[in-house]
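Okay, so subunit A shows up in both of these, paired with subunit B first and subunit C after.
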Partner chain A sequence: MEAKRPVDLEPSVRVEHLHVSFGGREVLHDLSAQFAPGEITVILGRSGSGKSTFLRALNRLNECFPGSATRGSVRLKLQGQWRDIYREALPLTELRRRVGMVMQTPHLLPVSIAANLALPLKLVLGLPRREIPARVAGALKEAHLWEEVADRLDAPAHTLSGGQQQRLCLARVLALEPEILLVDEPTASLDFRASLKVEELLLSLKERYTIIAVSHSLSQARRLADAALIFRDGSVAERLSREDLQAPDTLQALLEEIF
Partner chain B sequence: MVISCASVLAILGFLAYFALPIFAGGHLGEIFSWEWRPFQGQCGILPMAVGSFLLAVTAMGLAYPLGLGICGFAHGLGPRWLRRPLLGLIHFLTSIPTVIYGFVSVIFLVPLVRGIFPESTGYSWLTAALTLSLMVLPTIVLLIQAQLQQVDGRVRLASAALGFSPAQTFLWVLGPQASRGLWAAAVLGFSRALGDTIIALMVAGNAPQVPHSLLDSIRTLTAHIALVVATDSTSQAYQSIFASGLILFMVTTAINLTLRRLQSGTRPAASHD
Partner chain C sequence: MIKRLTSLAQACSWLAVVTTLGLVLLLLGFLGLRGFDALNPALFFGKTPAWAAITARLPVWHGIWPACVGTVTLVLLASLLAIPLGLASGIYLASYAPGPWKRWFALAVELLAAIPSIVMGLFGFALILFLKKTLAPQANTCLLLSAGCLALLVLPYLILMTQTTLEALPSELRLTGLSLGFTPWQNLVHILLPAGGRGILSGVILAVGRAAEDTAVILLTGVVANAGLPSGILGKYEALPFHIFYLAAEARSDAELAQGFGAALVLLLLTAALFLGAYYLQNTLAKAWKQKDLLI
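Then we have the complex of A and B:
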């Protein structure tokens, strides 16, 4: 297997001196990191170390929470161009469409399975009605969900199982054709089998996207990650390569560090 | 439950008993006619029924879009810092006695309307509709607001993360979720507007006629009851108030039943865990 080394790749996300605070309490301090396309970077760290806040800084979703303030630079390579998302007037709808996010628990829209995908396609992409069904089917296939839901697309989305819901969320994001995928503990609410399915899915997608995933599980990180960032108190304490993650002595050190 | 049912039935019985002579005595045609000239024996209450209906509909026509707009403003369309003061103001409006609305309207709005439209006395359908719309506004806002607040926070976050604008989220996600609240606000707001007495009595002018324009004076059924009770107690005119009361009672009961149906309807698929 030809493993691509992080150093060889031109990054698609550059974060420099990022500070994020809520109501004056700083959650991320002077954080710098970069992420490459075609790779899964897993972020590990204790709860409260700022992992989710960091992900939300990349699509400016922290602004949906009261009292948030962000300093520093986050530059993303979108459609071949570097965009500084906090300085340039890049419309939020455009940014969030290009930087797709899947959250810790399935965040469904309270509509049918098909409408969960169709509504963003209609509202965000402005896709004509006749093109939507094909796109919905394509995304569901990409998320390995099509066979399970093809005969009940009009059923309410919440009737799906937890794992299916999470894959539906992923399909919904993929339908919008993002370039960067932010995945926040996608298997936190799932059982082992459902988790494996989501992990397989992420691995199958990594060639085409820059994937940044937060995880609470070291074994998951070892299965998924091409690189890992260890967060401590709101900044990056360590960066590990895939080889580092597999090495037993690193593992022991990590276990003590994180858990 | 038993007591409230019994009192509702008692009211209905009372109204029906007193309205009975109208039905039994063959005065039905006189009461349900278009002329109110009690001294000539014409005691038609239809102009008042029309007045009540028109006033309630116009007040709602003003208040409902405004209420919806305020809720939209408080849920993402407006700046976040304005949300609290705005909703605080609406809460404050609920605590003002209705008579104060009427009083302030007599002092400020009536002269204003008279000033802008010199052909009107200022005591008009328009003045009453404007005042009443302010009075029913909190009912509408608080009902819609209560429903919007129940919408799962994750739904909002999901919409934002997908790239929906606040307006799209409100229109396509929150609105449909709050549809029962939207209906309840319309029904209950209309019921309040229809049942209001004091504002209509103070600023609508009380002329028992079918208005031809917004600047005409109108009389509502509620104001009619208040006026007749205050001045008369024997004639057929007096009996007309029982018919008025019966109409109001039946309409508001119908509205309440509609509301109950709405409330017992299946819950939208908002939460699933």
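Then we have the complex of A and C:
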């Protein structure tokens, strides 16, 4: 299965010869890939194939883990400019705000719903106090959460349901005005209906962001993906287009490959 | 079989809880019973009018007021020295110390924790003798020296509680702030420390309690039986634990012994008040953090 559809949009993420290791054990091996804006690229692969490590290489979050070492180049187009994030002195805080990340399980701060969004706005963007409420509301609306939480913004964030918590995490990232969204199995901890809601949300966001999502579910990939990368042993085994994903024979091959 | 073992274990743990609680209540009851009658203005101020004593216009004889002031000043001063240092060391150990350093540093903290308080007092005493013979001939045992030695004594509680609390926080919490673009410092101050507030508070409470009750350290470093109100941090002072110790050892009448029990009860109440103060402060901070009063 070769890529049948070339990437027709100018990419906004170019990864070349990426190696990532932890304590000498290589997790990503000579990985190259590119991602286009306005698309959702879904990364599929067995557990341990390096999917999450790859996402964390794009916002340099691997460096928060002991013994990590990264080689190769990751170039991102941020504000119309190509930045090589491992070579240029792009401040980490700036990078991580522009490349927003949503994790597998909702990583909430143990504070109120509003404060979950307000705190990063205040600390990372240095937004003046009076501008914060509008921005919080805007992000909650963008994440399709506003109507569900508007009357209880002071409530502790963990009182929300799992799906709502995950959308709150997404809202928190959106509030910081990112350009690239990294989404690590966002529905792993959710039931089917809540998952569908998060998927709808991602589809509605894809026009404005480059979205790279890790998924465990082939059917989810078929619903979301404009393109899919199959990871095997820390590098890209295959790249599939949307049409490839829908084709029944591909499906069978994929099932054997991944599961 | 397993069921029987479980119920045995349950019974044992209940027994342990009841015994501990019972002993604490017994102690409190005994102190309350013996000390309550002595609780009156005369216990605090002797024959000096209360207001004149509180405003320090007249000296107090045969009252524990100077000792109360001495103890509160001592505890505050020791906390002022120990809390920032203890928190900073705990944070360093939990978040920044590289492996080999961490082991050595942790060993040093354990050694410090193992030092008996009388040895810490001797250390302070020897330090003053050394200073007297070398750099500062006029140096003498005083409030500052006691506070310094007490700070050293309680430092391990603060370091260990801060370190274990921070290390016990879920790793997701650490990553959340960083993934949003917080600097490590912002992550520490705005997320990790507030989230670990309760644990750090218990370290502070342990430290304050220990500093308030210790007698051995202050015995050798500046406390005296009759000094009046502390004249300054370089002066001698009185303190409640020493006063209690002194009365217990040398009471010449039942009235003096009753005063000892009264003083013990006051020390207990004073420590409780300090705990409540610390608890209130932590609670207020936690509430402000949870709401961030940045609401729509």
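The criterion applied here is as follows: the second predicted complex is superposed on the first by the 253 of 259 C-alpha atoms of A that agree within 3 Å, B and C clash if a C-alpha of one lies under 4 Å from a C-alpha of the other, contacts with A are read in each partner's own complex, and residues count from 1 in each chain.
Quick note on the criterion: a contact is a pair of C-beta atoms (placed from the backbone, for glycine too) under 8 Å apart; a residue touches a chain by one contact, two chains touch by 3 or more.
Just so you know, these numbers come straight off a predicted model, no measurement behind them.
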Item checked: Three-chain arrangement built on subunit A, subunit B and subunit C clash or fit -> clash
Item checked: Most subunit A residues touched (candidates subunit B, subunit C) -> C
Notebook entry, point to check: Which of the two partners, first being subunit B and second being subunit C, lies in contact with A:L90: first, second, both, or neither?
Noted result: neither
Check: Regarding the shared-chain residue A:L205, is it in contact with subunit B (first), subunit C (second), both, or neither?
Finding: neither
Next item on the list: Would you sort A:H158 into first (subunit B), second (subunit C), both or neither based on which partner it touches?
Entry: first
Next item on the list: Would you check which partner chain A:P110 touches, where first means subunit B only, second means subunit C only, and both and neither mean what they say?
Entry: both
Margin query: Between subunit B and subunit C, whom does A:N59 touch in the aligned arrangement: first, second, both, or neither?
Written below: both
Note to self: According to the stated criteria, A:M101 is in contact with first (subunit B), second (subunit C), both, or neither; which is it?
What the structure shows: both
Margin query: For A:P133, using the defined touch cut-off, is the partner it touches subunit B, subunit C, both, or neither? Pick first, second, both or neither.
Written below: second
Margin query: Applying the document's definition of touch, where does A:L123 land relative to subunit B and subunit C: first, second, both, or neither?
Written below: both
Check: Which subunit A residues are contacted by subunit C in one complex and by subunit B in the other?
Finding: 59, 61, 64, 92-97, 101, 103, 105, 107-111, 119-120, 123-124, 156, 172-173, 176
Item checked: Footprint of subunit A on subunit C - complex, ascending -> 172-183, 186, 190-191, 195, 289-292, 294-296
Checklist line | In the complex, subunit A residues that touch subunit C | finding: 59, 61, 64, 92-97, 100-101, 103, 105, 107-112, 114-115, 118-120, 122-124, 129, 132-133, 136-137, 153-154, 156, 172-173, 176
Check: Where on subunit B does subunit A make contact in their complex?
Finding: 80, 151-152, 154-165, 168, 172-173, 176-177, 268-270, 272
Notebook entry, point to check: Touching subunit B in the complex: which residues of subunit A?
Noted result: 59, 61, 64, 66, 92-97, 101, 103, 105, 107-111, 119-120, 123-124, 156, 158, 169, 172-173, 176
